[in-house]
Amino acid sequence: MKSTIARKTVVLLGGLVLLVVLLGVADATLNNYYLRILQLIGIYIVLTASLNLTNGFTGDFSLGHAAFMAIGGYTSALLTMPLAARALQLAELPVWFQEFVSPFPLATVLGGILAALVALPVGLVVLRLRGHYLAVATLGLLIIVKSIASNWEPVTRGARGLSGLNAETNLWWAFGWAVITIFVVWRMVHSPFGRSMIAVRDDSVAAASRGVHVFRIRLVAFIMSAFFGGVGGALLAHQLTAITPPTYSFDLTFLIVIMLVIGGSGSVTGSVIGAIIMTILPVILRDLERRFELPGVSQIIIAAALIAFMIFRRQGLMGNRELHPSTWFMKKPATPASVDAPQQ
Amino acid sequence: MLEIRNLSVAYGKIVAVSDLSLTVNEGEIVTVVGGNGAGKTTTLRTVSGVLKPRAGEILFKGQSIVGLPPEAIVTRGISHSPEGRMIFGRLTITENLKLGAYNRKDAAGVKSDMERMFGMFPVLEQRKSQRAGTLSGGEQQMLAIARSLMSRPTLLLLDEPSLGLAPLLVEKIFDVVVELRNEGVTILLVEQNANEALRISDRAYVLETGTVTVEGPSTELINDPKLRAAYLGLD
Amino acid sequence: MTINYILQQLVNGLALGSIYALLAIGLTMVYGILRLINFAHGDLMMLGAYVSSIFISATVVPILLAVLIPTLLIAVMGLIVERTAYKPLRGAPEVAMLITSLGVSRLIQNSTVLALSPQPRAFSLPGDLTKTVNVGGIRFTQLDVLTFLLVIVLMVLLTLYINRSKTGMAMRASSENLQAARLIGINVNWAIGAAFVLGSALAGTAGFLWASRYGIIDPFMGFLPGVKAFVAAVIGGIGSIRGAVVGGVLLGVAEIGFVGFLPPEFSGYRDAFVFSLLLIVLLVRPNGLFGASEVERA
């Protein structure tokens, strides 16, 4: 037992070192275009792995992830915006705010915290629903947040959005947060709490009768998911350096949902794989789309692929299995129970 | 008439029926008894084509019916009165009966069968344009049986028709079953009320965890002391 | 605020609400049977608008065809979507169906982008339909009148069909208990197909009406009205056709009222208002006004 734990630690540390070396090489050699794609991968890993907490592990299918991203994005943008840009854009805000510029890491965390704080009352309301109703209610949340972003002129500048942010997001922040998210999600899922999450997903009535606090579990998952959603939104804002309401649109929620289901909801490593594939694939497809002047083709291919996945490989690439480096050298770890509902 | 050979059925990973064989001859009443979760309902649902078997054969009148959609199986003459009745509570009693005849093309025959059902279950006629959900449990069971007869089956699958009914109604239901057999309908009857069921049936099967453990003429089973203790809740 | 202004808003609300009602009927029928939110429903409406625009711009064609042809074509389209994308998912978890319908929605939108253009195009009705009639200070267009008439006629026909025909009976039975319907030998795929054909036909009609009202169409115009129509169906009580109609009309009136009676700075929040209504209804009266089916609760 002891030796396997030590071995796991060694493998994980080794993996981290390898990641750092690879990122260092990438940072030194790649041009800006590729660096940005790589950063996006890191950001999408944060977003997909966190959405997995609700949509994958507790089975609460949310379409509102972009709402929490927007909260994190706008909050962090307001906090980090350079004074010059602020004087131009946010003249209506109180004076004390005009002078407070937060460092990027703090702003990112605060963006996440605010998203989580919003998720608490929202979760208390929408988590009384399940299934389709929850999906539509969370879509409603997204539309409500978008309306606020579009109309709260003194703070969000409406349709003009916030611009002139420093490009703070780099490879290290993007992948640093990706590693933190994976670590936290992994630890949550592989703990008694995680087993409760899966019990809630598979049969919430049975779970409740065994003494699992169903609602509390779902609420905590929702809030944690929102926190990292907010962080991801902040990272995205500081990659783009300008945000408007459409930055955090339903398209974005949908993209993350696609990443999740293609990777396999119920698998943490699946989220990583899904995020990587679905960041790179659209880039390639959009390139082709432009070259051959076929607008819409990339979206058509992605949508068709999604439908095909739902029909032929509903569990996604990974299902609920994990690709866990430390287990490549030993027996398979216990995997969470089946995601598939019985087929009739 | 019906021959089930080495049937296995599973829900995902849960195997509900395994290697089950069972025969029903024309004109018989055959009873299937067994504890909760033994696989009785699963077997009937597979015969009806709602579930697909993992392995095994189901022959009806000598022809395989595995893989046929439920409506094709109904058309061939098998009708299923499901566990828990499953009548359409928001539809009227007449509509429920009409739906039982969904695959029939002979309007006149359907009409006369409807009259026949009303003759058999007068309470249904009195309330024919009311919502079926307003019927009492026993009346709903009668409607469920009547609905399944509307397709003019030669083989009727009855899943726990006496469940939750008062003794008097149970008697009535079993009387109806005997009457149907006398009219030439073959019957496969699943019952928890094994004592009664064995009394009216020709042969019987005992199911345990998805497979047949005992089979024989009902009169033998009803007198088998081991069975009486284990399944019939007597003694 | 004059009584005329109020009545005027009511007319506008009823017109918008009628379109929501048409869309909501299709959504509620499909949800009733399959427990599927068809996110692509609004996109079928968009296709209807485009088909209609072809006939509108050819001035020789009578206006009736500009309504009838999209209605029929979109009915077929709805059936194709059902059979290719949704039918293979029978018995699948509802989330799989939901994701698929989002995919179908995207597929339809972007196919339109590819085939035509992502740019909006104008949809202009022949002049006499947009002419306003002034009745006691309230302005109607002939289009308003046409909208109400069309919606009422379609509603009556549909209700008769659902209540009287054999297929309608099968649809109601399937909606109440799909398993039981299958078990007793109802061809549920037929009933499901009928729900899609009828619902999509109404979406096709709605496409004409929506485009006529707003005068502009684009490939992405359908999604939000589709989701709002689902909200309407929930307000009315999902699974109930009467509920879909009442919910649609109420939602249209409420939405126009929100814009018309609150100070202008609130009008940007009209979508937010619609979804806040949804949340309130789901929490206070989850079965809606006429709902028979229950919301799955934790």
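When the chains are written out, they are named A, B and C in that same order, and each has its own residue count from 1.
To be clear about the criterion, a residue touches a chain if its C-beta (ideal position, glycine included) is under 8 Å from a C-beta of that chain, and two chains touch if they have at least 3 such contacts.
Note that this is a predicted model, so its numbers are computed, not measured.
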item	value
Most central chain, judged by mean C-alpha position against the global CA mean	C
Highest C-beta pair count, chain pair	A-C
Intercentroid distance (Cα basis), chain C paired with chain A, Å	32
Centroid distance [mean C-alpha coordinates] between chain C and chain B, Å	42
Gap in Å, rounded to a whole number, between the CA centres of chain B and chain A	52
Residue numbers of chain A (touch at least two other chains)	340-341, 343-344
Overlap residues in chain B, where contacts from two or more other chains coincide	50
Numbers and ranges of chain C residues touching at least 2 other chains	none
List of chain B residues in touch with chain C within their complex	45, 48, 50, 69-71, 73-75, 79-80, 82, 86-91, 95, 98-100, 102-103, 147-148, 151
Chain A partner contacts - residues on chain C that touch it in the complex	31, 35-37, 85, 88-89, 91-100, 102-104, 106-107, 109-114, 117-118, 223, 227, 230-231, 234, 265, 268-269, 271-272, 274-276, 278-279, 282-283, 286, 295-298
Chain A residues touching chain C - in the complex, by the definition given at the top	55, 59, 61, 125-133, 135-137, 139-141, 143-144, 146-148, 150-151, 204, 214-215, 218, 250, 254, 257, 261, 294-297, 299-300, 302-304, 306-307, 310-311, 314, 340-341, 343-344
Contact set on chain C toward chain B in their complex	166, 169-170, 172-173, 176-177, 179-187, 292
